[in-house]
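Here the chain labels run A, B, C, D, E and F in written order, and each chain numbers its own residues starting at 1.
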Amino acid sequence: MRTNRVREIWNAGGNVVNGWLASSSSYSAEIMASLDFDSVGVDLQHGMIDFDQALPILQAISVQPATPLARIPWNDPVWIMKVLDAGALGLICPMVNTAAEAEHLVQAMRYPPHGFRSFASVRGPLYMGPDYAKNANDTVIAFAMIETRTALDNIAEIVSVEGLDAIYIGPSDLALGIGHPPAPDPTEREVLEAIEHVRRTAVDAGVVPCIHTAGGDHAKRCFEQGFRLCTIANDVSLMRKAATAEIALARK
Amino acid sequence: MRTNRVREIWNAGGNVVNGWLASSSSYSAEIMASLDFDSVGVDLQHGMIDFDQALPILQAISVQPATPLARIPWNDPVWIMKVLDAGALGLICPMVNTAAEAEHLVQAMRYPPHGFRSFASVRGPLYMGPDYAKNANDTVIAFAMIETRTALDNIAEIVSVEGLDAIYIGPSDLALGIGHPPAPDPTEREVLEAIEHVRRTAVDAGVVPCIHTAGGDHAKRCFEQGFRLCTIANDVSLMRKAATAEIALARK
Amino acid sequence: MRTNRVREIWNAGGNVVNGWLASSSSYSAEIMASLDFDSVGVDLQHGMIDFDQALPILQAISVQPATPLARIPWNDPVWIMKVLDAGALGLICPMVNTAAEAEHLVQAMRYPPHGFRSFASVRGPLYMGPDYAKNANDTVIAFAMIETRTALDNIAEIVSVEGLDAIYIGPSDLALGIGHPPAPDPTEREVLEAIEHVRRTAVDAGVVPCIHTAGGDHAKRCFEQGFRLCTIANDVSLMRKAATAEIALARK
Amino acid sequence: MRTNRVREIWNAGGNVVNGWLASSSSYSAEIMASLDFDSVGVDLQHGMIDFDQALPILQAISVQPATPLARIPWNDPVWIMKVLDAGALGLICPMVNTAAEAEHLVQAMRYPPHGFRSFASVRGPLYMGPDYAKNANDTVIAFAMIETRTALDNIAEIVSVEGLDAIYIGPSDLALGIGHPPAPDPTEREVLEAIEHVRRTAVDAGVVPCIHTAGGDHAKRCFEQGFRLCTIANDVSLMRKAATAEIALARK
Amino acid sequence: MRTNRVREIWNAGGNVVNGWLASSSSYSAEIMASLDFDSVGVDLQHGMIDFDQALPILQAISVQPATPLARIPWNDPVWIMKVLDAGALGLICPMVNTAAEAEHLVQAMRYPPHGFRSFASVRGPLYMGPDYAKNANDTVIAFAMIETRTALDNIAEIVSVEGLDAIYIGPSDLALGIGHPPAPDPTEREVLEAIEHVRRTAVDAGVVPCIHTAGGDHAKRCFEQGFRLCTIANDVSLMRKAATAEIALARK
Amino acid sequence: MRTNRVREIWNAGGNVVNGWLASSSSYSAEIMASLDFDSVGVDLQHGMIDFDQALPILQAISVQPATPLARIPWNDPVWIMKVLDAGALGLICPMVNTAAEAEHLVQAMRYPPHGFRSFASVRGPLYMGPDYAKNANDTVIAFAMIETRTALDNIAEIVSVEGLDAIYIGPSDLALGIGHPPAPDPTEREVLEAIEHVRRTAVDAGVVPCIHTAGGDHAKRCFEQGFRLCTIANDVSLMRKAATAEIALARK
């Protein structure tokens, strides 16, 4: 059976550079997955992507070496089960605010007896191999997004939830949630302290700390801080950034 | 009635910075069109885009100020008429090699008595205004791509075709066509001379010289050479370029 | 085997009221087909509809009693064969200007020995029954659009083409083609005479005369004139007309 | 920044004529938005429209002056956040039966500290301008549908919810909910009294009263009654109505 | 009005052979529905099908005699109401574990006063006839999937829920739920006993027992056991099975 | 660079078992490609598949070991170039009747100086590796379908065309073309002799003989006859065959 490269990198002590997709094109998805990303996440929350578009995107990522991940729009069994069936090897769930919510996420992602994921042979065995069902509970990664004041208050309980693999900080929402303007690469001391507090609490509980960053430079700082997976901007913001630079050169 | 901004810029003596879309996402299309491009072209030839996807893309461009253009896949009335109906204000036609082919292109793009475009009220009046039908022949721009040895041989006849507004050089195909490796920003003297020969012949015939470039810097040089519209890389290559740079920063 | 209701109505001496689809929605297609139309045509020429969207539209029409027809974008074997495979029981081909073009249309629509349509079991047998292949040549209807000055000049030869079932006048293009403004319900004497000349020439050759009209009232006049199939405005123009009226009531 | 025209009309004391979309076509959406509607709502509840289709529809509306609204299928954060991200400037939520449900709706639509909408830069800033995030809480309009007996019982509490902008009556469901046949333009005294009671309670609480109507004439009566936004039939019912009338003319 | 053939077969004492769709193609859907199935279910839970794809699939089934059913992804009003609006005549709901959940399912599927389904004229009247709304509560079939240990514990209460028409056993999930490997055609005695217990309890309560099977042979045994509807493998597993056999023949 | 497995098998003296896709689902495509087929062809001629659907299908095939091929709908540069750009490693072109048509096919498939394929970096380098452009002319396979009387008459000239790699017999069309009923596994002596004549003429010219068959058993006979690639029924006919068998078992 194929393995989940993100878990392998983590097990080997390495860090994961994650790409992000906000557009529904399976073509740009395959290009992103062909670059030097370790994994690529399909953003079903804020991306302009629906489930039917996620399927060819996940297939397109599967052509290339990067590991397919997804951010689901909410802690909702419909999305959790369908996106896992479609072949995502990890789910990033927004706004996990309590241990109960984290438990719901984990349970919906695991086959019995560890959860209530419904069993079927879909893209798992097709992409990963015939042992998928047997190994799925240990293969797919559960990421809980920590991005509200409530989550901050409950962080110790959240990271104690059995089966939660990772937390994933959304700096903009977290900043907003604790009373600051939403900043992708925050500089407010209170926000930075909250981020570090979450990271440390996760690490202490054996949960992998991950974060959404504003780009490669921000990611590098976060890796140095101890984060183990950093998302470095999405397809359309990368496009926008490069286009803006090229237009400026053309108009110079 | 709304006007064709590309024509206006040209009439005012200015140059046009053109964006390019190879992905089928109407979301990334709208983002591209929101940047400082004068026009954005939907690439139905080498882009992974089909007609049904071109409609929402052209609508998305229409939300923003940039002028919607399209490259059709071939000198084929099906594509010419459908893409004009969908609201493109200019068509870039690949591999126009003879005056007869240029005439076919122009005729298919014009209502009688100047051509044989079939009349219907579709997105033209919706986007441009009720006078669209009356003004369409003078509004939509016919670009003939010059990118083969045959076209080079026939360039004087091609640019003499009544109603042809512009030529558009495809440097990679042109280089390949005259025996050199395909290079987006060619350096071979023979290729450069061919490009300048085409440009000058067009200008002398009152036809606007346009070119596909490898980016903003190349475009700047082409504008200085006398080109009046430069396409500066497409959505997915911009994304790839920026992603590669950010990954390098993250992994530094 | 199911029969082609349009042929049946004609054989019984009746007239056909035809609906028209310019939008890609299979939902509005099914609604149109549920109304008192004898047939509904999918407009792949000026409608914002592509082949992949035509399949569910043709399926949706097949739920209801109306006979599925289609206007193809051009006299092109790709479209002719694919749209017949998808289940259209008649094809309206734009801009048939010569007998040779009419012959090409007919040949592409018929299996050997009467033409060169390629054989396969697709939606024909599924929708019509197991005898589809045997009867297809006699079932599907070939309509040649007469809408240019050249077609007018060649009308006698065009209607003499073996296997051509019907001509279909496009009044707007025809008016434009002979030097008048495009009018869906023409009033210029020259246009009206041309229309009647085409109609009469067709009838004399045993070819069924059909026409695109501006609405029910225009259709009624055309039926009285001797036309046997009238298209009475498309989905989106009907919507626009009713919406305009309701808005006026609301704002009164 | 662009403004929400519906709020402007209300602030100026005017009434809003709202169009409605039940078909997934971005083409018919753009046509509807080009007519004299003040706003056009995408019906994700009873329309045959899914999220991925709502994006190009919302973009198509954005080409034209009408304000884009949407009815979400349920009081569900997935739909609320995704449809706002896609550029809707108001959400009509079905079956809001209690103050708690109205609060949930409002909270899911507002960024902290006024709610728990997750922050991201998607179509808001693209369509509305760079200040979108700052002004979104005051820009997007929260409409709670009142259409059950329970809602009727709780109407005073519902309209007291901080941040609820408008109520929107669904006459058919409301009639059905209180024991009468579903009628788009109800005539039963009990239904009419319930509607007036809801309207008056809303007005007294400073909440804007809105209603789904059976057409322009019904809307006119509702405006006279004091409603400030009336939806006047959807794309496909308008199409059906006009088609039925034209068929009758043709068959006369 | 058209009738629900599944109910008719049951009323006549017969058994229902149900097909199953996991692929999003409306073409393969129509083919499946043209075979000798009594009904065909669209699997929105484990199938790679989204709502927008379910509409043309349900339309395609409606072209043929088989009754359209659907499995929704979860006991969620969004899916329940939208899929009913799209024309499904029965909904199979996964993981119904308690009487309260069964009641929620039933209520969401029924118009008042029997539930809280929201009223609108969509595909129901289009496909079934003008009396759809009046008869819908008695026409559409509510199936609760019994596939967990909790459901097993609560089976007596679940089948007592007013308005629940049928239970539908998912053998793989049920096996997994009670501690056995997931087997589509279970042989473990405990699983077989659980299945029979559920079946009998349903029958005793006047609820129709239905089951997902591993194929025709398994279905035959289940019919003999007293099941009244058996699903016999989905489109893609049928394809896979036949392809594997043909490849073996070719390679022999 | 990845290689074209079909060429490798042929070079090693082996035979190719080819699958066939007529449905637009990228999910069933990936399943087919995961089976023991050497290659899988996307049928853009008689399949219900359009270009935009071919992209995710070709990506889905690329996840698995089978080589992606395609049948284009006609000898048309639009389809030839777009489908090659999308990653097909061989094109099967219907109704190649003359050497001139075969030359057109080959030229449209080859970059200069061997043809007039337009150069661009699309899925070729993404899927095959950075050397794609350099090796494409030697990698992609040109198959000419021989399926008419004219083609039979011209077979010697057709197989002499420089750069034509293979011929591909369509037995049904060929039978029909020479006056027999269309039979997927023909038994008429004249048809069998024509098939053998084409095969032998191809082999003598160094062109690989390939054929569309009615299934594994037919394919086995064709391999024994000397054919080197056999297509053994498509996704939907396999599904239909297995479904029919399972229904019979269930109803026994």
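Assume contacts are C-beta pairs under 8 Å (C-beta built on N, C-alpha and C of every residue); 3 or more make two chains touch, one makes a residue touch a chain.
Values in this document were obtained by computation on a predicted structure and should not be read as measured data.
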| item | value |
| --- | --- |
| Touch graph components, with chain C removed from consideration | one piece |
| Neighbouring chains common to chain E and chain F, by label | A, C |
| Recurring contact interface, reference A-F, options C-E, A-B or E-F [over half identical by residue number] | C-E |
| Chain pair showing more contacts of the two, C-E and B-C | B-C |
| Most distant chain from chain F by Cα centroid | D |
| Fitting chain B to chain E on CA atoms, where both chains share a sequence, rotation angle to nearest 5 degrees | 180 |
| Centre distance in Å when chain A and chain D are each reduced to the mean of their C-alpha atoms | 34 |
| Approximate Å spacing (C-alpha centroids) for the pair chain C, chain D | 39 |
| Chain E, residues touching no fewer than two other chains | 22, 24, 27, 31, 48, 50, 52, 55, 76, 123 |
| Which chain pairs touch, all of them | A-B, A-D, A-E, A-F, B-C, B-D, B-F, C-D, C-E, C-F, D-E, E-F |
| Residues of chain B defined as touching chain D within the complex | 26-27, 30-31, 34, 55-56, 59-60, 62-64, 123, 126-127 |
| Chain B-facing residues of chain A, complex | 17, 19, 22-25, 27-28, 31-32, 35-37, 48, 215-217, 219-220, 223, 230, 232-233, 235-236, 238-252 |
| Chain A-touching residues of chain D, taken from the complex the two chains share | 50-52, 55, 76-78, 81-82, 85-86, 111-113, 116, 118-120, 122-123, 133 |
| Chain B-facing residues of chain C, complex | 22, 24, 45-46, 48-50, 52-53, 73-74, 76, 79, 94-95, 147-148, 170, 172-173, 176-177, 179, 182 |
